[in-house]
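Below, chain A partners chain B and then partners chain C, in two separate complexes.
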Partner chain A sequence: MPERGKLGRAAIAAPIERLRARTWERLPDWTHPLIWFALCILVLVVPTFDDIWVRMFFLVGLYATLGLGLNVVVGMAGLLDLGYVAFFATGAYVVGILSAPDSPHYSAFFSYWYLLPMAVGIGALVGVLLGLPVLPLRGDYLAIVTLGFGEIIRILALNMSDQTNGSSGLFEIGRPDISYLHNLGLTGRSTVDNVQYFYVMIVIAAFAVWFVTSRLRDSRVGRAWEAIREDEDAARGMGINTTRYKLMAFSTGAAIGALGGAIYAPFIDFIAPNSFSLLVSINVLALVIIGGMGSTQGVVAGSLILIGVPELLQFSETADVLSKFDWVGQGVNQVIDGINAVTHLDLSTLPPAEKWGAKLALYRFIIFGALLVAIMVLRPSGLFPSRRRKMEFEHTPEHETAGPAGTA
Partner chain B sequence: MTPLFLAHGSAEFWSDQTVNGLTTGSIYALVALGYTMVYGILQLINFAHGEVFMVGAFAGYGVLVALGGEDISGVMVLVAIILALAAAGAASAVTAATIERVAYRPLRNAPRLAPLISAIGVSIFLSHLVDDGFLDGKSKFYPQIFPTGDLSAGPLSISYLQLFLIGSSLVMMAGLYWVVQRTRTGKAIRAVSESRENAALMGIDVDRMIVATFVLGAIMAGFGGVLYGLFLSSIRGSMGFLPGVKAFTAAVLGGIGSIPGAVVGGFFLGLTESVGRELLNEIPGVNLPNEWKDVVAFALLVVVLIFRPTGIFRQRETKRA
Partner chain C sequence: MDGARLQTIGLGMRFQGLTALADIDIDVPAGQIRGLIGPNGAGKTTLFNCLTGFYRPTSGELRLGDMRVDGLEPHELSALGISRTFQNIRLFSNMTALENVLVGAHTHMGDVRATPPAAVRPSGNRLVDIARALPGAPAGAYGSVREFVGAVARPPVVRASERRAVGFARDLLRTVGLINRENEIARNMPYGDQRRLEIARALATRPRLLLLDEPTAGMNPQESAAVVALIRRVRNEFGATVILIEHQMRVVMGVCEQVTVLDYGRKIAEGTPAEVQRDRRVVEAYLGTRAVGGDSHGTA
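This part shows the complex of A and B:
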């Protein structure tokens, strides 16, 4: 019976297999630097686009940063964290509470550049405090406890109104002061207060996080994480202090999540408990898994697809383009009307074409959910897998010469 | 009547809290059964179980509306509720069996993380399909057809609806217990959860028994969905999330894998959220309003995981590491 299942799956997987032939690892090696180069150029020219585009790329960068952080936890150490939003919220609230003028704990003493490292530190601390009780347990428990914790952070922010202003939220969050650079004549502004500057900031943060996490992955710590992910008992047998390393992965991820929150808060200028719902965790987890766990380019591709595309769909330009296809919708609607007239099924007709993009953006979580299942069943290592991760999930013997390098 | 050590609240207050705790507890217990049975047989946390519960609530809602909604009265109320429960059980069972076939069975021998992630995928898919796809983010409201009124004796008082909820859920759980303990299918399910290989060697169709487990748990969740709708009225696609997480907590409290444990854990969690929270409020300087009940429930989960990871009934060793 298992054979029958395998054959069936192979038939579905074949076209996907062909698609995979065009993905990263099958591309000739010489194209890799070219693709990276093109990406770098794209990153550099983004600030010259319209504000709305820069904003979109800021969000892509923010989620890529968060994705790289969650990737440490889920991809490298194999710990399923479903409450990543907790750390994002921690970072945002540390900055918000201490720098919003109407906050009960407002302090003019702290400039943003004190608050940023403070947020990252507190994020790491929260990660340790949360991880300590649950990390010695099986991974399933970690998943459910983090899920609950992500929700609890929101409830706390909502109900501890003496500290957080509750549901009315915090406004006018302190923005990064860069007058030092301005005085040197390096920047046109003395504070980071427009999308272009925030974009540059998130790009720097994303690169810093990428650098740190990729160095960690190739270090002794990263190898310990990998060993734990593959087989925790064996890792312990080899003398790895599994709880300590899991805690390290968890708090590294937490610190990066808090960093993202600390950059997001001044950008959006207003934070309230409802900005930190479960959907943020789902977004980040989906982009890590769909992109390919453990791989950097997977996270970048994942955030372009899962964050960039839904944003793009809501642009008025997209609506203008789509409205040119109204005749398609009208044709389909005539067919639906015909069916309704005959069968009394009362099917609903399509909305006007310019609303399709926004509708599709609204349905994105339905699509994410289906994609998560499909990817686990058909292609468990994601669209752009790291090579080792792929070996774990698909159990295909690779050439001995493949070597551990070349995963990112 | 007020016990001396309780500074605040009358006897009525405490009895109300107890009844409220038992009511929510009975719903947690019904949902927890599905978690514990599936975990017992597959060692898998069925993250989509909360959505199975949601599907049941909507199926029951559909039946009640089709039968006349608010206009149902007299003996028809009982008939309508029984039909709603039956429809919910059936819809939930079909949903759970489909989920098992599509999202879990292909991953039976995959690494542990894979089925967990596909379970989350199913959960996101179903809750958003209902919320964004069908309802445009709006809630639906159960028709309020249950006769109102209280049964009281001294300080004790309980509404007819709460009495029905607690009573009917106990009957359903007793039914499940009978199926698992006394029927051939139940015996086979227990054999599979003991050892899949040995059960297969004894000629038990393991895949069928796994589906049967999902279906039994789903029927309980579907019933729970209707009771939830009758009690709280408002239902929506994401309604399964919190009760789902709470019910899982209840299953862990009772000792995951143990059926009586899930029931006891459910009631215990319900009581902790109401009575336990109010008892904490007796401590000077502590003030936990009702909105904090989720925090209390989770704190309880973490405390149990640290100090007694095998739960109250210690059915199955919670694997450390």
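This part shows the complex of A and C:
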């Protein structure tokens, strides 16, 4: 820990420490089933909401799936991958190129249900191919190179216009045919073509991915990944073939990313290179970190906040709800007047507080940014630290409480 | 598990003009406890790195039992039975004690080869033969996919091997006296316990040759004595050949049957601890030329 001025620590760090201790640092164990229960209920009632909300929850589910996949690479194996969008794009393009009618490789032969596993398989293969050259790299260097890969895939999609239609993109991507279920009377439609159905699809995918990744985590493979994350040399010395397990991590993460892409493409119905920018990689990484590296609940919570909140702030309903709290606006106005009266600051240029709700959509990223900063200050190891990280947390105070703060 | 003879024949290690090791001939019989001493920078840890595959020796041969093993990767050497601890403890610090030992057991759980190595016909290529003889899951993409599916589907075979590994790991923790700390995060453990956990982790790889790099560094005499007793037990119960780098003469005298002395990357003496302590060149190496002729009191 770097040395900080005594005053700085006392004035800033101490109150934050106190706040941290209060913000359910030790969420009691009995609340966990309740949280899961609430989450399940939420998952079940979402399809009854308005389309715009279902759409939001679809995106939350999609990013949760991607987050679980990236968590394998970053959280478990400790390989910082900033180009995760490459695999997302791979999955989307495999489905798009083979099923969009205006694509040069369109083939009526492939139904979506062939394309989905194909996308996952090709994704896994691309994961191995991109993993091979970066095997000797660690830490920051790995991050930079993977960042480059993310861009390379996007630029390939842009420039290989004979295959991908370049920047004009692919339209009318083939949608999953569920006429079999329809004929059995289980579904009202014969193709997955509205948000509710896509929502169900992403929920199933997310649960499948959750199952696979949690099984992996508690296996010999997961332990090997963790050992590589903790100390690669020691892991090699203990008989772990690091080449093999690193490639397995890349490949698993990539397959999950491609799965997400393969579901996203027919949902959005139009893919172009610009849909696969660096921002996707960053969002996915950010939600893994915000949620708490290595924890499943964390990924879900992270994607709710990271994907849900900006969307939420955009909805007119949110502004409507906020406009009901007049008294807050008046209070804020009085505070502003007060500040104007007492200090030399001129805040009268601000719009009146009751209008702020309506302007929420405009300022949503300011609020969002503040929220992220607040989360990282108050819960540096994420919202729901994984079991292990929580254990670290519970143990550190024992060593530090011996002396006053600042003895570090 | 039983010990294996280790031989190095003319082993050399050069780093771009710097000769770290030259012409090292060492022959450690199976089951011996061998001390490796020498002043700072003599090349002791470099030798360990060569023996474990972290460095690839630039010349010479390395033999384990009757197999020539130089040029192999660390994980292959570990599978063949060479295991080590590190000078500056390198545990998986955010994993529990039990998990640390389980990582050590990695190679010997899961798909263990059906064909015993002896039954495989030699292919003529040394590396191919070794690769075939390695325990653990089958190599290559097929093995990876198989392991992946096994981990996700968790069939009875996998569950059973996991259970066996946990039992084995607990036995080892009991051996080193850490059984009541099995769920503690490694980095929260006291220093001495970390050293012992590292030994347990190394034992989990079922070593035929165990390399200990300063196992008593930073310990008080009582802790050192406990480690010495542990090393002896390891040899007697697990039968492994042990080589240890050590600076405390008390430990060297107490536990080593033979001692090899390195200085400036060369072997300068070898023999029983008492012989080595009287050796003129050893005293020179430690204390300088002028000290020779006075009484040689060892290097404690």
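Before moving on, here are some points about what is shown:
Here is the rule we use: the second predicted complex is superposed on the first by the 304 of 408 C-alpha atoms of A that agree within 3 Å, B and C clash if a C-alpha of one lies under 4 Å from a C-alpha of the other, contacts with A are read in each partner's own complex, and residues count from 1 in each chain.
Everything that follows uses one rule, which is that a contact is a pair of C-beta atoms (placed from the backbone, for glycine too) under 8 Å apart; a residue touches a chain by one contact, two chains touch by 3 or more.
As the structure is a prediction and not an experimental result, all values here were calculated from the model.
Of the two partner chains, chain B is the only one that A:Val373 touches; chain C does not reach it.
By the touch criterion defined above, A:Tyr363 lies against chain B but remains apart from chain C after alignment on the C-alpha atoms of chain A. When the two structures are aligned on the shared chain, A:Met238 is found in touch with chain C, with no touch to chain B. With both structures placed on the common chain, the touch criterion links A:Arg189 to neither chain B nor chain C. Touched residues of chain A were counted for both chain B and chain C, and B has more of them.
In the superposition on chain A, A:Lys324 contacts neither chain B nor chain C. By the document's definition of touching, neither partner reaches A:His105: not chain B, not chain C. Overlaid on A, the two complexes show chain B and chain C touching the same residues of chain A, namely 233, 236, 242, 392.
Here chain A touches chain C in the complex through residues 211-212, 215-216, 219-224, 226-227, 230-231, 233-242, 244, 247-248, 252, 388-389, 391-392, 395, 398-399, going by the rule given at the top.
Chain contact summary for the complex, chain A toward chain B: residues 5, 9, 78, 80, 82, 133-134, 136-141, 143-145, 147-149, 151-152, 155-156, 158-159, 232-233, 236, 242, 278, 282, 285-286, 289, 362-363, 365-366, 368-373, 376-377, 380, 392-393.
Those residues of chain C that touch chain A in the complex are listed here as 52-54, 73-75, 78-79, 83-84, 86, 90-95, 99, 102-104, 106-107, 109-110, 136, 139, 143-144, 147-148, 150-152, 154, 158, 162, 165, 185, 187-188, 201-202, 204-205.
Of all residues in chain B, those touching chain A in their complex are 44-45, 47, 102-103, 105-107, 110-118, 120-126, 128-129, 132-133, 241-242, 245, 248-249, 252, 289, 291-292, 294-295, 298, 301-302, 305-306, 309, 318-321.
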